[in-house]
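What follows is a pair of complexes built around chain A, which joins chain B in one and chain C in the other.
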Partner chain A sequence: MKGIYYVLLLYAFLMLPPVASLMESVMIIHMHMQMTLFVIIGFLLAPVLQKKFPRFFEEWNPNGIPGILLFVIVIFYWTLPRSMDEALNFWYIELFKFISLPFLAGVPLRDSWRKISPSLKNGLIILFTLLFILMGWLYIWSPNQLCNNYLMIDQITLGWGFLLTAVCMIIYLAYSYITDFAKTV
Partner chain B sequence: MEAIKKEYWKDKANKALGISPEDARITKSYLIVAFAAILVGGLLGLLQGMNRAGILELPVWLNYYKVLTAHGLLLVVVLSAFFTIGYFYAGLSHSLGGLLPKVRKMAWIGFWMKIFGFVLAVIPILQGDASVMYTFYPPMAAAPMFYIGLVFIVLGVWMLAFGAFINVANWRKNHKGQHIPISFFAMGVFVLLFFGSLPVAIEVLYIIPWAFGWIETINVMVSRTLFWAFGHTLVNIWYMTAISAWYVFVPKIIDGRRWSDLLTRIVVIALVIMNITGGFHHQIIDPGISESVKYMHVFMSLAIGFPSLMTAYAMFAVFEKTARKKGGRGLVGWYKKLPWGDVRFLAPFIAMAAFIPAGAGGIVQSTNQLNQVAHNTMWVVGHFHLTLGMTVVMTFFGVSYWLVPYVSGRVLTKEINKLGVIQTIVWTIGMVLMSGAMHWVGLLGSPRRTSYSTYFDNATALSWDPYLFFLAIGGTLLMIGVLLQVYAVFHMMFLAPKGETEFPVADVEEDATPTPMWTERWGLWIVLMIGLVSMAYVIPLVDFIVNAPPGSPPFKTW
Partner chain C sequence: MVNKKLLSYLLVAVFGFVLFYFGTDGFTAYTSEAARVNQLKEDQPLFPEVTLEDHAERVYPFSEFEGKYVFITFFYTMCGTVCPELEKNMKEVYEMLPDDGLEDDIQFLSISFDPERDTPEVLDTYREWLESDGETWRMARIPDQQELDELLDRFGVTVIPDEYGNFAHNSAFYLVDPEGRLVEVMDYQETREAAVTVMDRMEGGGGK
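Moving on to the complex of A and B:
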């Protein structure tokens, strides 16, 4: 449990204004690195919360479905161009980003992942693959600037980032399809 | 009792299995090419050292840049790739119960493809049409044949990588639920060889039409970035080959046990995932990449240092534990119990010790501001001679004293061991002198990749001369080292008395906890690697391509 302090330290570090503004200065780093890191922080914090409030998770997330739904909704929200703009323009949306990604996405993801069936896990990866292809298409080929705060080139870069991540997920799905994890895990 | 039984069975199996003559032939051929490359490449290195010191003026038909290109290609591409492949194929053969017949065939096809590619690349170098140095990125352009040769070399390497994958996959199919044995390192290296050479393959396919003149211009920044994604990975492939020997074989040679198997595998996985993106620290002063992106890449590069620190810890832990078991005492007094007279230990040990300053120098270069001072100076040359020429190559030398007799069915004699110890000492002194002088003179501003010049007797340039003399002295000692080493290899390959030499794989500690099976999820590591590489490269590459300048025509600067 000592590790929890390191996680909190990382959490605080990422929220420091110079660190946050450096990461937010590049669109793809903002969305694919900063936001992912906040989800990971939630993921790492989850065991402590699960231990402290076991009844809460049992009651609200008995089969993992509510948690996954919450995760999907929060992540979908943060992939919208407008949500990024607002996070940069309004301090309370930025604050919401700092709180929502760890606690409404990372924590429920960890709590739900062990509870849901393998087919639902794969379904979720497929859903995100499709979403990422769609977002890639949107950001690369959109004729207009989608975010007020970022240039077209940032947008195209982010689009390619989405497509490449989708490719990775497709490779993973193919790999998990041909490999019997029960024997190798 | 159980342990004794197990060991006995293992020894018997090792003796009975040995290495099949067909597999031995593959490794022998690779090692012969590797050591032939060091002989010629070393000689070319000596010529350069002499030239830089102002002692030797090279004739017009053999100018400095031609020699530099051949030296780089021979030692960087031929020596290291051939040794790595020969060594790991012997390992695969030993640990997976022999190579599959089709894998053997692939190994031979790969071998001849590489030789063919190498001949194609060398012809234009000798003709003076390809003095583009080992990094060969635009705007300097070589004759097209040079790049076509490189394509064959890459295809040959892929053949070997896929051969290894097929053999490992076959083994896994027949050994469900078991860990890949020591070939885990081979997997890591071949995965990196394949994925690391993908960018350079793209680069070369893009250069060929440009070198032929079919397209007028080329995007220099894209080419450089693709090159370094490969260039840096290649460096780490050698390094990983060297540490595989440290982890697996050195403990056996000192009669010790391997350190944690889990830690070993985590080091391999971490190096595989994080390696390719390290290419960016070769581009710290390149234009077109924003400061913030470069800054973030410093983290990526330094992250690669982390598994190295784990390695350093593991190695010294093994040494101390083994020495104390043999009765070593005191805080550092235990070192006396280590087998210093055995070249199979001495050479890799000095190699490891050299990595302490070498790694530190690497961290210096990866750091933005410090790189500004050292970039393109002799410091860099000193750095990679310390890492490659000492850490990696000395480990290769150490390995050769059991690998060569193992594949030739002979034994290491006392005389050759003694010769090896002398060679190790000569090499150490030579490399310390040469690399030390290079580092220092680099800090004083002496540029790399430049033929001898006093810059119109400029006082600063003249002040480099004493250091450059040390460089030449070191280079001469190294040439003596090369001759001793090549003789030792020749002797062990063809002249030494026949006998059994063991393939020295160390066992893990008796009370070691079992390694979790998740370490075997290679597909996942590859996905993570591709993901990381994509994230690291997407920003600069999209920028270079979308905001591309008009591009550069080919230049022949020599």
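Moving on to the complex of A and C:
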């Protein structure tokens, strides 16, 4: 459990104003690195919270569905172009980002993941693949500048980042389908 | 147990609804540009007192246009992407308006946010390219950077210089009423709609 201190250290480090503004200065790093790291931090902190409050997770998230729903809602919110802009323009939205991504996305994801069925897991990955293709398409081919704080080229880079992530998830889905198939034969 | 499970679904659903409701101003603004436009229409900020220098080297305060509607765009002449389209569309709106209205009731004004490079000479070349008459439609810069920044800030125009000497900026048609208040922010790609909005305003009174 010592590792938890490193996680907390990383969490604090990422929230330092100079570090945060450096990562936020590039759109794709803001969304695909900083935000992802915050989710991962929540993911890594989850076991500690589960140990401390086992009843809470059991009572409120018995089958994993509420947790997954919460995760999906929070992630969808942060893929809105507006949320990214607002996080830069208002300190309280920034603060909400620092709190919501680890504790309302990372933690519930970890707690729910082992509780939900394999088909729901795949469904979730398909949902995010579709979302990422949609966001990629939106950011690359949108004729308008979606975020006032970023240049058009940043936006297009982010779009390709989304598409690439979607491709990775498709490869994963195909891979798991093929291997499962092999097992049954 | 069952009750708590149900309650947790409900809580998550309510949280999601509230988050998206407030995050998008009641599902109306998914980008901050849309939110900006909504906010501006509500605030109706006053056009600040600035000094303009136009393509013919005439220098005058903005209050020169008092008593008229002013149709405004923000641009810079070195722009190769959005601005030419923005200005061409402005021309389309200009041509859709009736001639007598253009004489007395409305002023067209393209304001450059690059005063260093957009000297009156440069602006005049741009005017020629757009075939504007130079009277009812003028190109101008605001030489005082502080005044310019104040205006851009008040009208919510974000201008970010990039490393190649270009600017990233948001674009729209702005309509200021005869009292100097910003009353409309319009989509610059919907020229017909913009022309209709402007004519409605002018007929609605005020622009005598």
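General observations
Convention: the second predicted complex is superposed on the first by the 179 of 185 C-alpha atoms of A that agree within 3 Å, B and C clash if a C-alpha of one lies under 4 Å from a C-alpha of the other, contacts with A are read in each partner's own complex, and residues count from 1 in each chain.
The working rule: a contact is a pair of C-beta atoms (placed from the backbone, for glycine too) under 8 Å apart; a residue touches a chain by one contact, two chains touch by 3 or more.
Model, not experiment: these values are computed from the prediction.
When the two complexes are overlaid on their common chain A, residue A:95 makes contact with neither chain B nor chain C. Judged by the touch definition given at the top, the superposed model places A:66 against chain C, while chain B stays out of reach. When the two complexes are overlaid on their common chain A, residue A:164 makes contact with chain B while staying clear of chain C. Look at A:127: by the touch rule set out above, it reaches neither chain B nor chain C.
In the superposed pair of complexes, A:16 makes contact with neither chain B nor chain C.
Contacts of chain A with chain B, set against its contacts with chain C after fitting on chain A, share not one residue.
Contact residues of chain A toward chain C in the complex are 59-63, 65-66, 69-70, 73-74, 77, 80-83, 85-86, 89, 144-152.
Across the interface of their complex, chain A is touched by residues 1, 4-5, 8-9, 11-13, 15-16, 19-20, 23-24, 29-36, 81, 158, 160, 162, 168, 170 of chain C. Residues 176-177, 290, 292-293, 295-296, 517-518, 520-521, 523-524, 526-527, 530-531, 534-535, 538-539, 542-543, 546-547 of chain B are the ones that touch chain A when the two sit in their complex. Put simply, chain A touches chain B in their complex at residues 22, 25-26, 28-29, 32-33, 153, 156-157, 160-161, 164-165, 167-168, 171-172, 175-176, 179, 181, 183-185.
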